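Shared between the two complexes below is subunit A, which has subunit B as its partner in the first and subunit C in the second.
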Partner chain A sequence: MQQITSRIQEEARRLLSEDLVDMVIGYEEGWDPSTTTPCVVRDEAQVSRLIFDERCVYNLARYLVGREGYLTSRFVPADKRPRVALVARPATLRTVSVLIQEHQFGREDLVILGIVDGTASAVKPDVEVGQIEPDDARREETRARVGELAQMSASERWAFWREEFSKCIRCYACRQVCPFCYCEECIAEENRPQWIGRSPLPRNNISWNAIRAFHLVGRCVDCGECERVCPVDIPLSLINVKMVEEVAAVFDYVAGVDVEAAPALATFQVDDTDDFVR
Partner chain B sequence: MESRTLPKDRLDQLVDALIADYTVIAPKDERSYGEIESASEWRSDGDKPAQSLKQFFLPERELLVRYTKSRSGVELVEPPSPRSMARVILGARPCDVAALPVLDLVFQWDDEDSLYLERRESTAIIAMACDEPCTTCFCASLGGSPAGTEGADLLLTELDDAYHVAVVSERGRELVDRYSDLFEESSVEHERQRVQAQEASLAKLPRQVDIEGLDEVLEFENPVWETLTQQCLDCGICTFLCPTCHCFDIRDEGTPQQGERVRLWDACTFPSYTQAHAGQPRPVHYRRYRQRIMHKFRYYSENFGRTLCVGCGRCIEHCPVGIDLRQVLSQVRTG
Partner chain C sequence: MVATVGLEVRSGVESRTSTEAAPPVQAQEWKPKIVAFLCNWCSYAGADLAGGSRTKYPANVRIIRLPCSARIDPKLVLKSLEKEGVDGVIVSGCHPGDCHYTEGNYYARRRMLMFRRLMEFLGIDGKRVQMSWVSASEGAKWADVVAQVTEEIKALGPLHPQETANAADHQ
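For the complex of A and B:
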């Protein structure tokens, strides 16, 4: 891990000193010794702030996109946007692949200092700064829980999710942390018409969480951030991973492994057995 | 301060007696306080719940009025007064309890907020001193303490074989009188143990932050705001979990013929907050975050003479990206 930190600092120093980028988005120590926090380094003299270890879990691709994203901000003209270098964990590499596929920015708009774990990703780092073990344990556990849910009867499953969603306080941390929730105006905020009731009532919470889940179908790369940040511990990965499995089974499509591929839900075949797509 | 002791083996009896007489709210799980129906449902150890006590006085969704429109006019039906529901909050953390007098100031400021105030009036609070502060706690910086009594009616402190019971208010005295057969007179030894326990937990408090004179050095125009928390995601966790954040939105739900007017928690961190016909006065992140800090540590002080923060540390513990309010406060000071 120490080696990864050195490599990140070395590359950040080079990129900034040679004026190849304007900023490096990475991780630094938090104020509390148990935490780290995302940081933006614009100055060569600040490069020593950058670190990497097992506490650095955030999916930093979040900062590239959306209304105030560094590569897409509506408040900064396109020619004034910064040239960004991004420290990218394996899930962030997959995320960047999908964001490029969705035309949020081009591959050339970003220098990637990547940490890899052998998981397939379309986008390769410009510089590989390290290798870590794949988070197989977490992903296996999620898959196992998805399997358990699949064994339930529909009414048991419905009861399970109704209970989970009843806890939702509509803080929207799941949306805000998600790099794929880059809509300028979220459907949850639209009020003419109001698609989703704003009150944290069970029926509205189900609408909100179900609609967000549908919007991630064929896009989610299972970085696990939404579940990690949920302050009331709703197991959001169970929905997203279920959708990943469905899309793989039905469309033979996995998000993040092919930049040229048309996204599963943004394409159709004329001989599709369902005629509503024609 | 007047005090009693409650032998440990009588705690459950007290809880059962309270449950028989009141709606009893206590820490239920890691997530929140909630109504308990038996003593075993009270999670009396462990860290403070993610959610504060706020929801029991300012619910995340509160019905203000039901309306029905007919040919004869509009019929309005107000919800029943919360006053009729006598409640006891048990095992509340001193920081959560200290937040209530802070909220009282704003809810009886230019207008008496009857729903909030009636809930306050009808709720007795039995706080429990913290023995293991979290690494994110900074109550002592804000004038509180792991054994703070502000806002409480009784404060329990766990001793070797009993709980020390500080009688903080008249309502607290009524409670110990009502269940007088359970309490005993406090001994010198119990008093000694209490002091020792409270000093021990104070000593365990982590790094605190200096807020002395902060209201005077916080400047709206300080350029530091622009880069201070650029990693913030603009979610509502810090505001919703905060025991003192109290901003709300009022909405009508239903149809023009029939529906409900409700108030809902809102958060200054949301880009939609204060969005109005004229647009958004705080379109970018740093302006929203600046508002949050200025409100807590300057505007509230100017209006009410105290800060809108009790140092519970939830905003630090639950921030999705590790933003630490203690660091923010030291950075705005040094500029």
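For the complex of A and C:
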């Protein structure tokens, strides 16, 4: 880990001093020893702030897209946008692949300082700054819990999710942290018509969580950020992983492994399964 | 008091206040309420043909016409299911290859399949989210689809048992 930190600092210093990028997005020490926080380094003298260790879990691709994203902000003309270098975890690499697939920016707009773990990703780092162990344990556990839920009866599942969603306080942290929630105006804020009631009533919460989950179908790369930030611990990864599995099983598509592929729900095959249609 | 009919778009409060006047729910057979989103070019014309040729089919279905099945965003379906009293949804479009816009129904098929799987995982029976291909000449098929779906949803029971008991105003 110490080695990764020094590699990141070294590369950041090189990129900034040679004026190859305007900023490096990475991680730095947080406000207490248990946390780190994202940081943007624009000056060579600040490079020593950058660190990397097991606390650095955030998906930094979030900073690239959306209304205020460095690569897509509509408040900044296209020719004035910064050249960005991004410290990317394995999930972030997959995220960047999907964002390129969705034409948010081009691969050439970004220098990636990648940390890899052997999982498949279409986007390869420009500089590989280190290797970490794949988080197989977490993935296995999530898959196992998805399997358990799928075994339950529909009414048991309904009871489970009703209970979970009833905890939702509609803080939208899951949306704010998700790199794929880059819409300039979210459906949750639309009010003519109002698709999702604003108050945290059970049925509004179900609508919000179902729509959020559906908007990630065929896009989610299971970085786990939405579940991590949820202040009331709704197991959002279960839904995301379930839909990742469904998309893989039905459309033979995995998000983030092919930049050329069209996203699953933005394309079709004439011979897609018809068996649920009357 | 005559309760609102059709989609009951804003009926949450009204239907509850109408409980006192309404007979107990057991007194009448429960009839599911189904919302159907039909594409303008095939399925709507098919349903029109069923009507025009006086084909009898269950009157549980409320039809909403949209330009194409690809216009039917799953949020429309979700919004319908969220409303108390709506027990199921039918999404219907042109047969594959016959889409007026060439390929809209293919996108709709992918979307609705995934939406259905999502609903199933959340615990809403997939039979409440139905899809069908009905062409403009298939009035009889439309009648069949509605009859079958109505039966299936009747077997499942109300989606919102509590609200349905409160409303007790199924025509």
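Quick notes on this one:
Definition applied: the second predicted complex is superposed on the first by the 270 of 278 C-alpha atoms of A that agree within 3 Å, B and C clash if a C-alpha of one lies under 4 Å from a C-alpha of the other, contacts with A are read in each partner's own complex, and residues count from 1 in each chain.
One rule holds in what follows: a residue touches a chain if its C-beta (ideal position, glycine included) is under 8 Å from a C-beta of that chain, and two chains touch if they have at least 3 such contacts.
Predicted model, so just to flag it, every value in this text is computed and none were measured.
By the touch criterion stated above, A:A210 is placed in contact with subunit C alone, subunit B being left untouched. When both complexes are overlaid on chain A, the residue A:K242 reaches subunit C alone and has no touch with subunit B.
Contacts of A:A122 after superposition on the shared chain: neither subunit B nor subunit C is touched.
With both structures placed on the common chain, the touch criterion links A:F276 to subunit C but leaves subunit B unconnected.
With both structures placed on the common chain, the touch criterion links A:C220 to neither subunit B nor subunit C. In the superposition on chain A, the residues of subunit A contacted by subunit B and by subunit C do not overlap at all. Note for the complex: subunit B touches subunit A at residues 30-32, 50-51, 60-61, 135-136, 206, 227, 230-231, 233-237, 240-241, 249, 251, 253, 262, 264-265, 267, 270-272, 283-285, 316, 318, 320-324, 326-327. Taken together, the subunit A residues at the contact with subunit B in this complex read 30-40, 58, 62-63, 67-68, 75, 167, 169-173, 175-177, 189, 197-201, 225, 228-229, 231-233. Per the touch definition, subunit C reaches subunit A in the complex via residues 74-75, 78-79, 82, 96-97, 103, 106-107, 109-126, 130-133, 145, 148-149. Residue ranges of subunit A in contact with subunit C, taken from their complex: 149-150, 154-162, 187, 195, 203, 206-207, 210-211, 213-214, 217-218, 239, 242-243, 246-247, 250-251, 264-265, 268-270, 272-274, 276-278.
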